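Think of it as A, B, C, D and E in the order they're written, each chain with its own count starting at 1.
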Amino acid sequence: MRRRRFLQNSAAAAAAAMLHACARDEVAFIEQAVARSPHGPGESVWRGSVCQQCPAGCGVRVRLVDGDAKKLEGHPAHPVNRGGLCALGQAAVQELYHPDRLRGPWRLSRGQPSGAEPLDWEVALEELAQRLARAARSSPQGVWIGCGSVSWPAQYLWRRLAAALGLPPPVRLRSVEWEVEREAARRLFGLEDWPYFDLERADLVLSFGAPYLERWRSPVHYARALAEQRQEPRSRRGRSIHVEARLSATAAAVDRWIPVRPGGEGWLARAIARELLALGRASERAAAHYRRWFPGPDPPPESLATRCGVPQEAIAELARELAESERPLVLAGGPMAAQRHGLFHVAAALALNVLLGNLGREGGVLRPRRFDLERNLPPAPPLATLAAGLQRLRGQAPQAIVICDADPVHMLPPASGVEQALHGASFVAVMAQFLDDTALLADLCLPLHAPLERFDIVEPEAALHTAAIGVGAPLVEPLGATRHPGDIALALARALEVGEALAWPSVGALVEQVLQDLHRRTAPGGTGDFWSFYEDVLDRGGLWEERPALDGLEAAAPREPIPEPKLDRDASREPSLLLAFETHVRTAEGRGLHLPWIQQLPDLLSTVMWDSWIEMARADARRIGVRTGDRVRVSVEGQAAFEAFVVESPAAAPGVLALPLGGGQRDYGRWARERGVNPLRWLGAGEVEGVGLPAWGPVRARVEAAGPGRAALFGRGLRAPEDRPLRR
Amino acid sequence: MRKVLEHYARKEPLQWRKVTVLPASAMVHFTHRPHTRVGVACPVCHGEVAAMGVARRAVALDMAFCVACHEREGASVDCLTCHH
Amino acid sequence: MTRWAMAIDLDRCTGCEACVVACHAENNIRLVGPEEAARGRAIHWLRIERYYEGEYPDVRVRFVPVLCQHCGAAPCEPVCPVYATYHTDEGLNAMVYNRCVGTRYCANNCPYSVRFFNWHAAPWPDPLQRQLNPDVAARPAGVMEKCTFCVQRIQRARQQAADEGRELRDGEVQPACAESCPTRAIVFGDLDDPDSRVARLSRSGRARRLLEELGTHPAVFYLARGARESSGEP
Amino acid sequence: MNPEDERLLLAPVERGSRGLRLGLVASALAAGVLCACWGYQIAHDLGVAGINRPVFWGVYITNFVFWIGISHAGTLISAILRLTGAEWRRPVTRCAEAITVFALAVGGLFPLIHLGRPWLFYWLLPLPNARGLWPNFRSPLLWDVTAIGTYFLGSSLYLFLPAIPDLAALRDRATGWRRRVYTWCALGWRGTPRQWHALENGIRVMAVLILPVAVSVHTIVSWDFAMSLQPMWHSTIFGPYFVAGAIYSGIAILVAVMAALRRGLGLGRYISETVFDNLGLLFLTMALVWAYFTFAEHLTVWYGNEPAEMAVFWERVSGRYAPAFWTMVVLNFAVPMLVLPFRRGRRPGPASLVAVGVLLGMWLERFLIIIPSLANPRLAYTVGRYVPSGVEWGITFGAFGLFVFLYHLFLRCVPAVSLWEMRAGAAAESDTSLAPEPAREGVR
Amino acid sequence: MNRVRLQALFDDAPLARRAVARLVEAGVPPAAIELRSATPQPSLPGAGGRSWIPLAALVGGCLGALAGVSIASLTALDRPLVTGGMPIVAPFPVGIIAYEATALGAILATVARAVYEAGLRPRRTPVGPLDAQLAAGGVLVEVVTADPALGRSCLGDARRLALVPEERPGS
């Protein structure tokens, strides 16, 4: 015992001393020292950090034993997740110790297994620098940088590097629907950001497609909000209604699910708006706005009803419920937004908030709050939108493409042209933790630190009514020769003699500087010692405002109308409609499917493990002579597409096939390799009107039996025993 | 002992080796704290390390040994106390 | 005297399954590949049971997170020929891997189907084993396993309290599932302490227990969906 | 009974025959399959079997119940016949008792085979240890251990005791090492009146004692299921139901084996048509008893209409297991009802065919009692499915091999028909045949 | 003087019985006379008499029951197993174990007693020329005596008669 205590004191002292004499690069080293040494073997240490499995930016606490990360828990005080942590977040530790993580730079040959060879970092960086320099000299426009990292330093430093080299700004790589939702928010509320939906304090929540209990925006935050909206501390239980073509997990969890015709969401919103206007619930100004967004004459009610597939009286009743509610709230988004008329669907739904007049009010749509991290930093142009980026990509094949921490090949439909561009480009460098579909097409593959191995600041991409950031420090030794994407940018800057523009020796230093600035701002007059503040922030894993604020939000003056869909008669003779959906762990990005914990997690509704599946109505299944677990062959628009398992669902609409997003990676580690189907390969359909992004959504398809299969279902039973038909 | 002094001279950390080990296959979770708290003397399990030239395993740490002591001292003999 | 119990608020549960992964992470539950999973060997100490009511278009879905109910009169206990599973003084339904010979009788006699068998030894491809929780035994092939209410956490908290020379506080012990739950639907605590949250919830009008009619006296309470005010809940 | 009878009955033991040697080798190979499969399973863990969650018990336990059932042939029947002094028992008892012993030996293997960690089976025995551990006598599995142990010991002795005089006879005829062995086994039997007296008394008392054990054994086996909460296991009539089924399958294998001996060893003269006729009637009775229990069991469930139980019920009669169920009904009920009521149907040929069918049917019955209940637990979410693996089939097949192998060994060591009981029978007959004559004289 | 063993094979029990009577009259000690048969002959001397086997079974049963009860209850109680207030000993199981133990005890006692009453123990038995013919039926009377003449006088009406010189130990 005495020996241990002695060790503690000495180590703590040493750590403190070095912190003060902070030669910056040591910080990482010290963090590890502090994290481990003062404690005896086998004792657990808890440290704060931030989750980077998705852009929500939850605060986490990490359990460390003998220098290994063992468990992640949500940080109870963090406003985003308030102690909770979703399945993907929990699984981050498994990603950290995944046997197939990239542990050193590789030279690849565009997907050919042959000719892959490991490199030294020096060589790799040298080559990347030269390529960038050459490309920048010949034609700056010929360099295309895409960034999907949720790490703010990574984004900032790459934006800064691009600016310093006179290259176009890096492109934000997010899946289509996220961008469409942003566009809708820009048009309706004039936000260059997503609005925050104050679900917790709303008493009637009507959501159009937005799977806010699955992976949409900030699932942990919104799930908690829904729970609070229902039970204590609320005095009266709030209601929640979900509108979607398929019974999603969200639809299953809310109080009522209203099935619509796929592609009918927007029309339902228009129909409700019509009723609301008729009921005179909307203010003059709101009504005027609405008219300018949707100038077209309202179709007659019955036609609206047929377009959305919801009976008129149901619509009327829904509208009345909204009108009578004190704090109604309407959410919209999700895969629905990626359809050809996604913007229409989202905008039409969100516009209901304007009619209901809940903008900037408790339980309504609020302006998100953020810390301005870059106020006192050298300026860097913002990330280019995906639409603009893809525009440029289609222009002329870029010479050099650099992708940072994203898998656009997997998460964007082929129509995006990313894959062709990668093939066409003369040089492709990819920074990734795993060999994903994009990294497979690279010439140069640079391995990244796992979040727990590096300094980071993460801003919740879907910001709340409370400004918050997560701050992470290296808590474990890097598994291999990996780096922070920001450090790579800094190294490149040095190599390319633009070092003075990026004057930080390491990301750690940048983080420290930002925190110093925040310290000055949050603690007026810089009261309190910075180092204790710094320690405290790292220990809590972030910094956030204690209480939420109500920032006003106004409907934006409409400039152009929202494009409404023409009534398209689909001539296709294919019998059924195939659509793709999100689950708690499956998104278009396909993140997390390389982890066994996620693969073997039974899907909530289908209970399928380890694979993709086709969900269909029992009657349809019987028609083609298959039952749950059998394989079917699916052909899309007449051409053979893929095979998958069938899962019969009592909730599936007749004639509708549903396929989960995310699967079908070509590699991505041993547990994801060639597993399942990536719907985006088959569901691509034209452009999202008014946004200029490749759309994907319901397509005409045909299924036929392909023999029995060995599906891994965890729970085959559908009905509670007492529901069993009594056949006496 | 001379080794230790040499280490000290070279200012290297000592390389300790575990001599008192419970195999993972035993599925036993032992922590010193509860035992030291109630004042179980170290030699009971570790033997008179001070008297040893080279540290070696003093007691056959089998279940009989643990259970006997637990029963003697009135500690819990619930399997779950150690096996979980 | 302590009697550990759990309350699960079905009105808060959204079926996100964070608890399921948390349980895997905490308890070193073995990795079961696709082939074995297809053969019905997947292991989830905690699962979200999903039941459909009605047919399209008016369908309702019920979620029930099901884990070992730590029954007060557990059917699995008397049938074990070697006391590998038995009742502890704190009301836990214990499972001692060392003692198990693998008759699997307990699993057959569990009305909740929450017991699992290690059909094979667990593979931990390097460096995955570095994540393993040192407080939880890695089970060998041929033994049963099931939810333990995270007994290792209970014991850790006990040690903590003892070192600080005090009693356990309500809410101090949190199983991995409860701690991870995004909606705080899972509450764990001592049923014998009338003021503990779990005890109060167990008295709520919404409180039900699974297959209560079998007389197993489960230690897990489910709070039915619906408004709280109508239930006289504290 | 004259010397060539003796020679004929002793021939298999003393000279053997090509048929016997062939059978011995073939069955040895089959038994080898069991060993190989079990070895493989121990090396690669229980996972190589098809059992899973929630179907934790599969064909291993099916076989266990089946073989323990089979074991009720001999001892029980021979005991009943002995006590009732049925004359036609004489050629039956020995080969019947042998069936019991070997069926128990085979059946007793299966609980070990199905263990997750078979090498720890001895933890089920109350062995003193320093770790403060003890088996749980509340567990039906411990009841099994005691009951089957007792039954095995008892029926082995019950087989041995009446065999002593024949062993002595063999001793007197044998030479060399065989003589030495038989000398030891025969315990110096000389056939003095005192010895005969003790022997007959012993046999009679044993017959009385073994009956309740036999009944208890399969009752307890049934309680393995009835003690649990599983739908359609938790039934009060399981005890008698299983015993009836056991005797039924027991008689079936007895008929089959005796028919085989009759043809194989040419014992037609001793195992006569009369024997089959009587056995056939007993067989028929048990068929009816079994049908009655099965009907009662299913009727109760169906009328009670308790959801969890109905799930299993429908699974059996109209669901995934319907084919097996109706095959069972045909083999165990329809066929016996069509054949056995008629004297010609009770002749060795048809009777043995029926018997084989019933054996298959009873195996299916065990299977149908175990699997559908497990596959449909109370919480319907966890519906299971079960397909036995190659290893399981191999072991099942090997078990039959092992049984036949042991039986062949037995035939090579001890006469299949009890010599002295036949002699006694013959003697008694001659007495009765002499009796009438003085009567006739009286008439004159 | 060297002794001989006389073997006489009689067709049925009454004849043998008479022969034995004659021998006894002639002063042959009953111990020197042994009757043998290949089937039970209830009418022969020594075949009757009361048997203690049932009593042995009873005693054995009681001992078994005792053992069963104690192993199922007492030893279990003696072990400090933690069962959270659940019973370690329950009446029904104890009953079942006791039942089986009873049967076991009784069976073992029966066999033991039977073997004892029959005076059985593994040993070689001398075989005379007529033993083989016993199987065909009849009763064998064997006398070990010093004068062969006695045999002829008393066993005259035997179906067959044989005389074997008694082999000495070591010869």
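Note that a residue touches a chain if its C-beta (ideal position, glycine included) is under 8 Å from a C-beta of that chain, and two chains touch if they have at least 3 such contacts.
The shown structure was predicted, so the numbers you read here are calculated from the model rather than taken from an experiment.
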| item | value |
| --- | --- |
| Maximum centroid distance from subunit D, chain identifier (CA atoms) | A |
| Centroid-based (C-alpha) most distant chain relative to subunit E | A |
| Chain whose Cα centroid lies nearest the overall Cα centroid | C |
| A-D or D-E - the one linked by more C-beta pairs in contact | D-E |
| Subunit C-subunit E separation of Cα centroids, rounded to whole Å | 65 |
| Chain centre separation (subunit A, subunit C; CA means) in Å | 31 |
| Chain centre separation (subunit B, subunit D; CA means) in Å | 56 |
| For subunit D, residues contacting two or more additional chains | 132-134, 136, 138, 142, 378-382, 384-385 |
| Set of subunit A residues in contact with two or more other chains | 42, 715, 717-720 |
| For subunit C, residues that touch 2 or more chains besides their own | 39, 42, 47, 49-51, 78, 83, 86, 88-89, 92, 99, 140 |
| Residues of subunit D that touch subunit B when the two form their complex | 130-132 |
| Complex contact set, residues of subunit C against subunit B | 86, 88-89, 92, 94, 96-99, 135-140, 148, 151-152, 155, 159, 162-163 |
| Sites on subunit A touched by subunit D in the complex | 715-722, 724, 726-728 |
| Subunit D to subunit E touching residues, read off their complex | 1-3, 6, 126, 132-134, 136-138, 142-143, 146-147, 149-150, 153-154, 157, 161, 164-165, 169, 172-173, 183-184, 186-202, 205-206, 209-210, 212-213, 216, 220, 419-420, 423-424, 426-427 |
| Sites on subunit A touched by subunit C in the complex | 42, 65, 68-74, 81, 83-87, 89-91, 93-94, 96-99, 213-214, 219-220, 223-224, 226-227, 230-232, 235-237, 247, 249-250, 252-253, 257, 259, 479, 584-585, 596-602, 604-605, 607, 609-611, 617, 649-654, 675, 710-712, 714-715, 717-720, 723 |
